[in-house]
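Okay, got some structures for you below.
What follows is a pair of complexes built around chain A, which joins chain B in one and chain C in the other.
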Partner chain A sequence: MTTTARYDNGEAASVVLEQPIVRVSGFVKRYKKHVAVQGVDVAIRKGEIYGLIGPDGAGKSSLMKAIAGVLTYDEGTVEVFGTVVDSERAAERVKQRIGFLPQGLGLNLYPDLSVEENIDFFARLRLVPEQELLERKARLLAMTRLEKFRNRAMKNLSGGMKQKLGLICTLIHEPELAILDEPTTGVDPVSRRDFWSILAELLQEKGMTALVSTAYMDEAARFHRLSFLSNGKVLVSGTPTEVQALVPGSMVTFEASPQLEAITRLKQTFQQVEALGPRLHVFTKDLDPAQAVQHIEASLGDIKPDQVRVDDPELEDVFVSLLLQQAENRQVSAIPSAAKPTDNHGLAIEARQLVRDFGPFRAVDHVSFQVKQGEIFGLLGANGAGKTTVIKMLNGILPPTGGEGWVAGADMKTAGGTIKERIGYMSQAFSLYLDLTVVENIRLFAGIYGLDGRATDQRLNWVMSMAGLKGYESNLTGRLPMGVRQRLALGCALVHQPRVLFLDEPTSGVDPIGRRHFWDILSKLAREEGVAILVTTHYMSEAEHCDQLALMYAGRIVAEGSPGDMKQGVEKEAGHLFEVVADDPGKALLELRRAGFAGAALYGTRIHLFCRDPVRDKDCACGVLESSGVKVRSASMRPLSLEDVFVYKVMALERQDRATTQEAAA
Partner chain B sequence: MMNAVSGLGSQRAVIWWHRLVVMTRKEMLQLFRDVPIVAFLVYSFTLAIYITGNGIRSQLHDASLLVHDADHSVSSRELIHRFQAPFFRLNGEVADSREGLRRLDRGTAVALLEIPPRFHEQLVTGEPTAVQLLVDTTNSANGLSAASYAARIVARFGQETVLNRVGRAEESSDGLPLILSEHRVWYNPDQNEAWFECISHLLRQITIFALLLPAAALVREKERGTVEQLLVSPLTPFQIMISKVLAMTVVILGATAVGLFGIMQPVFGVPIKGSIWLFFTLTALFVVTTACMGLAAATLARNQGQVGMMTLLVAAPMLMLSGITAPMEAMPVWVRYLMALSPLRYYIEIANGILLKGAGMNILWDSVLAMVALGAALFGFGMWRFRRQFA
Partner chain C sequence: MNLRRIAAVASKEWRETVRDRMFFLLAFLLPILWMLVFGYGLVLDVENIPYAALDRDQSALSRDYLYRFQQSRYFDFKGALTDEREADPLLASGRIRAAIIIPEKFQERLNAGQTVGVQTLIDGIFPLRTDITKGYVIAINSAFNEERLVDYISRRIGISRTQAEYRAQPIKLEVRYLYNEEVRSSWSIVPALVMFTLMLSCPLLTALGIVREKETGSIYNIYSSTVTKIEFLFGKLLPYVLISSMNAVVLWIMATLWFGVPFKGNLLFFLVASLVFVLSSTGVGLLVSLLVRTQIAALLITIIIAMVPTILFSGLIVPVSSLSPGSQFQAHLFPGMYYTNIVRGTFLKGIGLEVLWTDVLALALYAVILRLVGYRLFTKRPR
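Now for the complex of A and B:
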């Protein structure tokens, strides 16, 4: 099913309407028997950021590589700058005008060369004149704040910095079209936001066009136009606003207790019900706010919703709704209940003043927190903030330098073995044996955890139905779709009924429906079986599912609380979030920053900024824009997302750090 | 109370063994899913042994001989005809020695025999005379044995001529001082080279697979991140390491049995004089020791490419210098000391001893002891590296 939104929205008027510079029609790519892309049409206009969104294996990379002229295709036409790219010679003709950043953190760079050497190499490869190279290099390094690291070897950069360097190397010859394949995957939210604003500014300044893919649904709003791909087909394309308009409805958030009963009742009427910590999140399709609340109250019966709030749906909700439409018969298995309900009291994890040094470097600095049985606890932080080190210490595989901790009733210093028997662990790589079948993997972990024959069979059945693996029994794990693989990894981590579950970035690369199903399972585990869950994630939309959050920065916990508390804290400190839609967003952004709105950032064609005093600041911002000749189309308040919170907090800390270093230097 | 405690202890022991069995089974499953490796394994222990046993000859065989006969006499013809198959093949005559040298240069002949003019005449008159043999020793073993065969043929011819000249028949050489060297070949009475070659090849294959398989399995776990999953489980590092060694040992012993009973015994008639059980027990010991060496390398390597290079680095000198290719006695002293660290050096003695000589533990105990000590040291090093790396 392909839905193409009509193009009649005023918002896109800022994009110059002219002949598309990339035109793809009827594109088909096969890998042996597997059809990766089946009949995709895409047209990209000059000056826009065009997004390809979709889970792993949706066909994004194949399409991008074909446009970049590095992959042959089976059917259809790919036209770039008016040249039909159907042979190597044709591809060579357009390559000089294209910059291509392949997928994978820094995979196109040379790890042993310094930042500057990498840039120079790519520039000379593209025959950039030396004088221009000097100018561009200075400008790009300044913009990406990599100047200080000019001489650092690329392999010693953080993930976010590598990606920025990758971007510089891709753009050093000033291509007219930049093709960036998942540039933000595996990068923390702050670096991700930074990357997007740099990209937006660069493109604006040079009049470049970009085709960018991403697996993060919440990045969709950053594109001028986008196509949502699933299973090699375009499900929908258009501007974010158009896409949103395709699935009208409201997003209702409220608290209801008992939560599990409420979910069961709601699911009879609504397809999209999510538990976000203590709150419930229900997407009511085709209903206006008043109707939506009414319907929810009706289906809840005697359970009364509390703290009801109605918002416009996020793009992710829209995608999920579209995916559900597409796969109506997709059965989501019921999650079986545990054999024995257990009490929800007592502490599952307690960390007290944990410290870990690696040589002179302090990776974890006096970290303390508590996780109760039945609680979902989220540990957030940028790459290298110390999250994984904390988890390793609690798992008993890394001895702490100082402090103490208890996990599942055992002292992590003295009873590492006991802890290992009582916990489940699932890492970001879904550490399964890809060359073993589903059943073999489950049996292996059952054996490792010392289950006897009868218990193994029992738990095997439980895992199979919990994770919806029926029918996959003798499939090799490597051939499973990512979502299924992830649930199998969870099943293996749960095979011995652990009391505490550690999840280290458990959902990278999984499609939104798979992710939601995964979180359904986690909620049920926590609520019904009283399992304590500690999770780290880069998807801030997932952090919303947690009961408690702790934000780590440079080895310390800098903020703690429920998602709601954290948002309120930031709103108190920084103000409310406003979204401004204006003509010429590039100029608008500059004007706003000049007027003192330091946190203003570009989201596709819209601008986000914090206003401390909703009424006065809003008027002030609009005034600034109007007086500089930028027409404001709308300015409205938006609910704060956890990503906003995360970025705000980390940026504040980084500023503080810079200030102290400068003081120390002075 | 005491009972309960020991009951708990034995239950723990049962679970410990159960975990080890589960892990070992997993390693074997993974190995057999790897089709190219399995194909390589099967080839190495069957067809490759057959080819080696049939193909390699270190004895002189079919050496191409050129003759420059400037005499064309009865004696010169007599001498030439003594260069016989299977050692030599007469490749024709050349008109002058320069032509012969050219052919040697081009490599179309291995040896050039030059018989001077007046050869017969000098022999008859009793004047001293000489023939010249030019040998291509590019392949030194082959060339030198061609030279020594030729020398023996010429010497024998000369001796007979002398006897004839002094008027005695060959059978009545009584009064002359002659030492006859009578040799009996032991352990391989037919001097069947295929035996030694295919045993050597078997040992080479065992060494390579014992080094490579467990090392690759460990590095693969590191690469895919599955080792982390194992480390947070109740498995001990010892169980993680030893399960790989066990699985690969079982597989390699199986392959050895196939090579020995499927190819070497029926096709080449290799004798198994000693105890077959002793042979397999000590082969298992060798595989474990060598596997520990591979695992130690694997803890140093970051990916499969590196571990491949590192095992090659270890395997090459081991295979070249441990005494398969050339005898230990012929090597410089320091190499001999270095090779005391190579388990293969002991295993060669053990394998040849059991298979060809029928040796038992009473003879082999020192080699076995050395191998055990080496294996323990290597495993200890591997474990230490493994713990250090992940803790």
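Now for the complex of A and C:
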């Protein structure tokens, strides 16, 4: 029975229009009194990758679990493969055809079992015949490059490897529908890209359908169709192109100084104004580039924009503007000026040849960089690249094996205590006391830093208005929305007026508006108060906000510069990024790779590839496709994102590493 | 029921338990450790009571009287006092638990046919120990009185001491202790500890094993797959039942070889009954695991519902028959009591199914009912 179903499926993949295999209507899920999902409709067609996008707590997981038949729901209907999933019995009927990967990186795997044992367990649970298991296992392990690690215990795998193992285990019984809950959260950009291309390839090959959720807005373009969820409701659904068409407009990027004055003026006309390092990023409703620029110049008055560039808006911009349309006008928090600190234009942080060994393992290898007062410095890198170790050494928590460093004028080796007084530190976990109110938390941190009564009151007021916490004073911290909680954590880190601020992955799980609000505050802190900010992040779209970036790989800094410089560097080396829209993207991808475009990757229905020579290579690529019978609908140049830069750099280094190890082996 | 799926779940569970250091310790080392700690710690024999003596008389008779205490294995002489006031601080600090004070003219007054009071101070903090200490003092004292009486009779009537003894003590008690011939508390406690250890380690292991999957989220692999509830529960519990049965054997070996408790019953019956008990106590763990979400909650609840009633009502320390009617009723609600009957019965009395069938039946009912409840509570599509 199941085998025939599988054959049907293979043939059906080419048929575009047909009955949806998942139909959800009026879906409501409550947890006690809390309504997690309120009235969601979703229809998923055979063969597509359907995306659920939204911040933490938007209701993605509840919806996915209900479709997978592992969670009850309160209202509405969930129909999967024509079966209404309304009881445990009904759910059992569709489970053989579904693969479900729950949220949490590698959490559903068994840490003490090896890679192979994990796969075997999942396969046997699904009664995959041993012979088929052998074949599939070999192929999937080869595809994910996990072959070498067959016998390694799962707990000793890296984040990216765990993620790929999770995917293998979910797909080992070749389900018709794969439900993957945030498979890319907490994984570095390189592993994430790898994951997407493996997923796309597998789905294409087997004609599988996938329902995938993500909190990364920039992954939205990977889906055939998507729904954007916010507060348990679907805000918008459709193909990426359709979604983009909902909010027509353009994104104008330029430099203007003085930046803060420019922002104030622009905000009177435009809702979405962002500072990305020295540049400003403004969303206008004008479709015509000339008109867009004109409007911006008009609202800027006597400030002249420089290096103007107009692009199509990203999906994230679209989501933000949709969210803004929905939300009531948010108060724009103005940072009250505290007493101006003595401006010495000195270096806030200086690291010189920092080295740290853990036994024979060198975690940090001769790292040097400088951060000026008033600068936002981003430290990027995959998990385990050494970012946190660098921060720990600079904070005086961890003694370095070699090298030296100064933070806020104090030597980190001898003045650990002084450093701790002069810096603010905020971690991913938001080290707040959830059972205290907002005001109690701020007072607690003021007490920890030894502020006297008058100073505490003063700083309390400052923090409340800086972080836009008015109205939340006596709310319990545990009940605050993530975005507000994050701003409170920032306020607590700033309560003692530090000159240097360390942020360790500060924005996980916050919705895009909350994230933008947060960055507004950070850039004001840097520009107006001259605070130096060192931030580590996985979100490449956030790295755009930094003035300077350093990319770490295997303990070393391998690239440094402003976001613009880094992009230019990659464009010089690798060429420009092109987006190709073609019929039958799966075949197109294979043809392109065969023709030598090794970096070609699938983004939903589109293909991204690098062209060294914009004209010649593009024609060559189109020619290859046309000659093999794939119709090219369009091919256009796209601006590089920092994620492209990151992935390119790390991939190049990995190739280099492999080459050297092979040489050493030979 | 598909054997392949059961085997998949069971072998996964076995590997995890053996490889995870925490679970390995919990499964194999903790029972042995418990047995050793409680086997030595829970011995209730009162011996070597530290005491001091004050002899104000310093006569032949007073020395004879005190010598009897020194000779007894129940008392440990800590020294002679010179003043009554010295006794207080020694008793308060716990250096001695009893003090015996012989008054002046002890010998003179006894020989004159008068009664003499010997003041005995006993630490009364623990009533049980106090009573036993008092019992020993009384026994030594009456032995001394008896001898005085026999001496008097033989002198007065002019018969031999032996004959005088018959007159003084016409009826002699002949007590023979059954089952625990030497009345050693370790013989009684150690078999019950086999029960206690199994009653605690089985549910703990089972509850933590299942809740661990809930906590990490790997339970969703089970929820979302086609493995049936029976297959999952069967495969999941199988390794724990096996490990606990192995532990029952290990504990039996420790009880007989290490603690030297005699085993008079049928080993096969003991093993079968132990398997039934393991099945029912893993059922307790299953029930706990279905009611809580986190491992720490599972740990606390298991300890509370397994340990407290077991110590109080299972007959481990106090026999069930001497509990109040309300407590006796509670005792019958927990599986511990039935297995205590089985272990003490097989170890010390040498009885088998012919007497203990009701206990085995109760445990079997337990195992079945707990599994039925567990099956009803477990859902692959939770709220």
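Quick note on the criterion: the second predicted complex is superposed on the first by the 642 of 666 C-alpha atoms of A that agree within 3 Å, B and C clash if a C-alpha of one lies under 4 Å from a C-alpha of the other, contacts with A are read in each partner's own complex, and residues count from 1 in each chain.
Keep in mind that, in the parts below, a residue touches a chain if its C-beta (ideal position, glycine included) is under 8 Å from a C-beta of that chain, and two chains touch if they have at least 3 such contacts.
For clarity, every value in this text was computed on a predicted model and none was experimentally measured.
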Partner chain in contact with A:Gln271 - chain B first, chain C second, else both or neither: neither
Between chain B (first) and chain C (second), which, if any, makes contact with A:Thr456: first, second, both or neither? neither
Please indicate which partner A:Ser158 is in contact with in the superposed arrangement: first for chain B, second for chain C, both, or neither. neither
Who touches more of chain A, chain B or chain C? C
Is A:Leu434 touching the first partner chain B, the second partner chain C, both, or neither of them? first
Classify the contacts of A:Ser562 with the two partner chains as first (chain B alone), second (chain C alone), both, or neither. neither
What residues on chain A does chain C touch that chain B touches too? none
Of all residues in chain A, which touch chain B in the complex? 395-399, 417, 420-421, 423, 425, 427, 429, 431-436, 440, 443-445, 447-450, 476, 502
Chain C residues touching chain A - in the complex, by the definition given at the top: 2, 4-5, 7-9, 12, 15-16, 19-20, 216-218, 220-228, 379-383
Contacting residues of chain B [partner chain A, same complex]: 15, 18-19, 21-23, 26, 29-30, 33-34, 224-226, 228-235, 390-391
State the interface residues of chain A toward chain C in the complex, per the touch definition above. 65, 68-72, 87-88, 91-92, 95-96, 98-100, 102-104, 107-113, 117, 120-122, 124-127, 153, 169
